[in-house]
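Chain lettering (A, B, C, D, E and F) follows the sequence in which the chains are written, and residue indices restart at 1 in each chain.
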Amino acid sequence: MGEDIVSEIMREYLQQLAAKGTRVDGRKLDEYRQIEIKKNVISSAEGSAQVSIGNTSVLVGVKVELGEPFPDTPNVGVLTTNAELIPLASPTFEAGPPNEEGIELARVVDRGLREGRVIDLEKLCVAPGEKVWIIFVDIHVLDYDGNLFDAAYLASLAALTCTRVPASAQGMGEDFPLPLNGLPIECTVVKIKNAMMVDPALDEEKIADVRLTMAIDENGNIRAVQKGLAGSFSVEEVRKVISMCQVCSSKLREILKSS
Amino acid sequence: MSGIGMENKPKLVDENGRRIDGRKLDELRPIRIEAGVLKRADGSAYVEWGENKVLAAVYGPREAKPKHIQNPARAIVQCRYNMAPFSVSERKRPGPDRRSVEISKITGEVFENVLFLEMFPRASVDIFIEVLQANAGTRCAGITAASVALADAGIPMADLVPACAAGKIDGQIALDLKKEEDNYGEADLPVAIIPRTKEIVLLQMDGNMSQSEFETALNMAIDACMKIYELQKEALKNKYKGEQEVEREEVQTPKQEQR
Amino acid sequence: MGEDIVSEIMREYLQQLAAKGTRVDGRKLDEYRQIEIKKNVISSAEGSAQVSIGNTSVLVGVKVELGEPFPDTPNVGVLTTNAELIPLASPTFEAGPPNEEGIELARVVDRGLREGRVIDLEKLCVAPGEKVWIIFVDIHVLDYDGNLFDAAYLASLAALTCTRVPASAQGMGEDFPLPLNGLPIECTVVKIKNAMMVDPALDEEKIADVRLTMAIDENGNIRAVQKGLAGSFSVEEVRKVISMCQVCSSKLREILKSS
Amino acid sequence: MSGIGMENKPKLVDENGRRIDGRKLDELRPIRIEAGVLKRADGSAYVEWGENKVLAAVYGPREAKPKHIQNPARAIVQCRYNMAPFSVSERKRPGPDRRSVEISKITGEVFENVLFLEMFPRASVDIFIEVLQANAGTRCAGITAASVALADAGIPMADLVPACAAGKIDGQIALDLKKEEDNYGEADLPVAIIPRTKEIVLLQMDGNMSQSEFETALNMAIDACMKIYELQKEALKNKYKGEQEVEREEVQTPKQEQR
Amino acid sequence: MSGIGMENKPKLVDENGRRIDGRKLDELRPIRIEAGVLKRADGSAYVEWGENKVLAAVYGPREAKPKHIQNPARAIVQCRYNMAPFSVSERKRPGPDRRSVEISKITGEVFENVLFLEMFPRASVDIFIEVLQANAGTRCAGITAASVALADAGIPMADLVPACAAGKIDGQIALDLKKEEDNYGEADLPVAIIPRTKEIVLLQMDGNMSQSEFETALNMAIDACMKIYELQKEALKNKYKGEQEVEREEVQTPKQEQR
Amino acid sequence: MGEDIVSEIMREYLQQLAAKGTRVDGRKLDEYRQIEIKKNVISSAEGSAQVSIGNTSVLVGVKVELGEPFPDTPNVGVLTTNAELIPLASPTFEAGPPNEEGIELARVVDRGLREGRVIDLEKLCVAPGEKVWIIFVDIHVLDYDGNLFDAAYLASLAALTCTRVPASAQGMGEDFPLPLNGLPIECTVVKIKNAMMVDPALDEEKIADVRLTMAIDENGNIRAVQKGLAGSFSVEEVRKVISMCQVCSSKLREILKSS
């Protein structure tokens, strides 16, 4: 029995469940799998966090180093986000430079952090045009069971909230916490046939028609959006996704704050 | 979008609701579409959109290579969005950067919605988008051009796909941001739709919008897409007319005297 | 009927025509296809030109930026020529870093410009050993129907003749035209069996035995030569090629000057 | 090891034979091993060894790809040792450097000694070692973790392979050097063995040792390997116990209420 | 050749028509050719040419890999011209640069003229040229060496291919430029021929020559090629003689006593 | 008869010989093939040597250039070792960036040179933190018939002993010999079944069970060790290898000194 037939059977089964408002692991459509956030897990990093959403697990390490600013923003620190879909995490990941999945992941996380103005980069200038703090957010996927975007984003945010700028090692006074502005949260919704559900597990992700990720800030405003996969939404469905993301982002923000 | 480097921000909307180039808030830049501009490609189109100049070519359906990327059930869509080194003010190094890889990915996903891929198992439909001159909005111009190129190639398609962005500048929702508006504005929301069904097939956003602003912008973009749809159809009609005229001429003049 | 048989038939047909002094599109052996030169087509470049020879179309953009000179020529500006055989232009071109065809094209154009001393690079020194103007000539092939060398060279030359050095943006006085010395012209001849013809179209190029490209200056002197393909010439034939190139280069120079 | 930059060298062994972290000369750092920590991998293990944190995952035996690397007579072992960018004090650029390539090679060779590769022609056993936090001794920690991961994957194996280094600091032979000892010490000798036969399957050294020092260090490392062997077996037992407990719980509680 | 940095130009030809190394205008540098210098290669040759030291090896005809590069009608020729990092005064980074890629391409094309490629469908004849020490003229030395290596490999060939450059220094046509002459000279014209037919199979030029100068140089290079042809044949004879001597010795002495 | 059967027959034959204490070319187990060392063979390098061991031949060129020191060792010169397994040297070598064999070779040679403190790098500082001499050791394998490690190491050492630092070209006084500390020698032993032998020829290397390379200094101390291949040693066997390497390293050192 070929893989395609299996996935066809799985597709129908999940569609039927979704139509009834439920899911293969018993969750409701607007329910996340269990979330665990561990901060400061890597002492060689200036900030770090390991986040699991169900069986999906992502480790993010933040390194902070001195470097040159971009010529067009001489007074502003630099944020660099990189994702490695290392083959340890999934039989489908391959060694080598980031492919388009890894690049999209890094860019969607980066967009949420950047557009949500999470880091106050203006405060990271040391000598205008010459030296600024560079923040490297490195996303290391450890176990891939769906919804990498939310897990990677949440881990990045958690790591940033416990990051300290290593000023003392440079003879520049005491270390200080990374200056942060706000905590926009990214939530991902997929559509399976006509049902919309948050936090897709791998099986759901595989057969989803279309995906929408939104970064929502504390005021319920939208900071970033990314539609993915080869499907479509109606305007009405987009409105529905916004509502779902607004509700879930509040919950996730509380989990992050209490972690 | 990220609010950095705003000290030099110009006024983007004047007291009369006019923008830096004199446009009204819901006004598109001038758009010119030409179909069938290349000889070697199976289909092609050229789009001038404000100061953007974008060329799209389509090859296929043709055998997907290497073999291991073939799908025995359907054709795959491969898209390459590329910026010419001289298309931006500071020379871009040749080859794909992370932004190009992401845009290539989501552009390919857009066209999976309208192509009858099951008709061509093991094949590939290859879409090449070359940005020759860039001034904000190149991904929408690229999708608009690629749609026309696909039609020009005679590839079976459910509908053309027009694309357009709306955004927020000086606190107001505005259509089709140009470069300065994008740099100093508050949000940008590129959208592509299937006109017949109004399905949304591209949706991205970065910046800061309330839910109601988002919905206003989304609808404004969709309305603009419908106008661009007319321009796309016009371009294809002109191509067809042109061909008939050439055919008529060809009957009258032997080939070698045409030059 | 395999591709090889088709090309065998084509080969014989073209050979027969050539032996009679004519060609499949009715041209004489020493006649170029129609040439069109459009200058200043890309506003983001400091100079640009689109050249078509028949259906072959090449776009060249010139960027001019400040940078460091080579250590061994501290008083001299830098010329860098790059060619992208983008897959939009031909079903046989592949994405990726330049292959040997692209590299040979870039180097043959570069040799013509450099050995012909087209640009007065000595005048592009700003601060000896520290800052000079760097000229990036980027060759973007748009439609490939044979004789890329001549089209790419002509487009490069045309773009350079309308290039302005952006001094004012650097606070270094007014912009000024790129200082030029002369206008050597590259012409390409192929041999098909015993017949020699200029400006091979794609079909001719495919079955040509050998190719010779020469850069000829205003005085009829030879500035650069490149033999290509797996064939040979006699001394007598080389002499013939020189004559053909001298005649054609004058014509092409006139077309360029009047463009 | 190379004796360069020794002006800041701290005292590594005090008058009581204690080392900078209080250890005796033949004392290991604290080691914690956990088996079966990942869900997607066929087998996995996590090792904390002093301040090292290393994760290993195993996939296979699975079809070796691409085909030309297959061996028709036996399985191949492919190993990838990788350091996370944040695992060291100065951020490491992602991707393999020369050191990682060498360690990957010799680690793969270690496991060829214990795997029954003839049982799986054309297959590949893929071992992935991720160093999350590094403090000298990561290759030994990686081999130790990978052994447990292979057993956790149920891949037929003659024995587990423990690994440990001994070295020379302040002129004395010492076990299991940590980073400062490695930097300022005189030699480092990583060893891996097959416990049942005491065969040495990894042996490297750099520094400066007399023959008798070398043999002392080698024996000290082998003794330590035997202790680590016990920890490896313990970890596998705990995994097995844990699984049985979970199974018992699963009988009592329906799956969806577990979360 | 480009006339840049001429302020330090030395006198290249003295009043007696002698060059900086005492040669006459039409005099070659000393050339030494040795055939069969490597054991593993199917054929090999070493050429010392003035201060150039070049090694060539040939493998094949052997199966071309990967399969998709095979030609079912004939063998392909693959050539790799490479400069050792230490072959030039400033260390060259390992790996092919654009110049090497171009020379590899045209050198491969040279040998397509003399090899009976139809005899070996699907095969590849692989030519490797290593420049160990460079002093202008390495491509000609490489072709000269590769010819002998091909013959040494016993690959059926219509003729040997000698190569030599002529050029222009201090306004005079001169044979076989060495480095200083190339740097400060006015033109360089490398040529390779098939001696039996006098066909020209390599022809490049850069610099500035009138038509008559070009023809003089071309003929001077061709004459020199004929001399080099004799040296090539001599080298092969010596190799053959040497082998016969060894064979005779081998009859007399058991193998192990030869060392 | 497949390759595997041939190599199986060869394996048995070599094993039988080894058990009797002899080898296919008549050598004793502790006997090297004939060694030839030629120094100063490349004038474009600051030091060079060609070493052959039997039919294996390696050319090493040393380049010495000014550059920046590493930030953590500002007073110390830099040693960089690189190996190219160029396809000229063996039908099994492929063009491209160094693979794991090439990297291991370079790193084992580097380790011997570095840990043996061959070069007195402290004496190569020109301006602390700014300018130091950089030593590039480039290993160019010419003919591969086994035991690359010893040939490459010996050639590197020989090249370093005749390297002169080009101070005068930088206006920094007279050229001077590279300051050297000692002459540790690397020797390689392989185990075939239960027999141990030095200097494996290619056929022996192919069927060897395991390999051990040791760098031994003038005092008989061990400076570096590398075990390779997928086999194992007992402690007793390691002791045996040390003795063999101590004896052979003395002989090789004498050969080097008298070269």
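Please note the rule applied: a contact is a pair of C-beta atoms (placed from the backbone, for glycine too) under 8 Å apart; a residue touches a chain by one contact, two chains touch by 3 or more.
A quick note: this is a predicted structure, and the numbers were derived from the prediction, not measured.
Visitor: Could you work out the angle of the rotation that brings the CA atoms of chain B onto the matching CA atoms of chain D, rounded to the nearest 5 degrees?
Guide: Nearest-5 rotation angle for the superposition: 120 degrees.
Visitor: Specify the chain most distant from chain A by Cα centroid.
Guide: E
Visitor: Measuring centre to centre, with centres taken as mean CA positions, what chain is farthest from chain D?
Guide: It is C.
Visitor: CA centre of chain B versus CA centre of chain C: separation in Å?
Guide: 31
Visitor: If you average the CA atoms of chain A and of chain E, how many Å lie between those two points?
Guide: 58
Visitor: Rounded to the nearest whole Å, what is the centre-to-centre distance of chain B and chain E, using the mean of the C-alpha atoms as each centre?
Guide: 52
Visitor: In angstrom, rounded to a whole number, how far apart do the mean CA points of chain D and chain F lie?
Guide: The computed centroid separation for chain D versus chain F comes out at 28 Å.
Visitor: Can you list every chain round the ring, opening with chain A and moving on to chain D?
Guide: Cyclic order starting at chain A, direction chain D: A, D, F, E, C, B.
Visitor: Looking at the complex, which residues from chain C come into contact with chain B?
Guide: So the residues of chain C touching chain B come out as 25-27, 33-34, 41-45, 48, 55, 57, 59, 61-63, 65, 82, 84, 86-91, 95, 97, 136, 138, 140, 142-145.
Visitor: Can you list the residues on chain F that touch chain D in the complex?
Guide: Listed in rising order, the residues of chain F that touch chain D are 4, 72-73, 76, 98, 100, 103-104, 106-107, 111, 114-115, 117, 121-122, 212, 217, 219-235, 238-239, 242, 246.
Visitor: Which of the residues in chain D come into contact with chain A in the complex?
Guide: For chain D paired with chain A, touching residues are 38-41, 51, 53, 55-57, 59, 62, 80, 82, 84-91, 94-95, 126, 128, 130, 132-135, 255-257, 259.
Visitor: If you look only at chain E, which of its residues touch chain C in the complex?
Guide: 1-5, 73, 98-99, 101-102, 104-106, 109, 112-113, 189, 194, 197-211, 214-215, 218-219, 222
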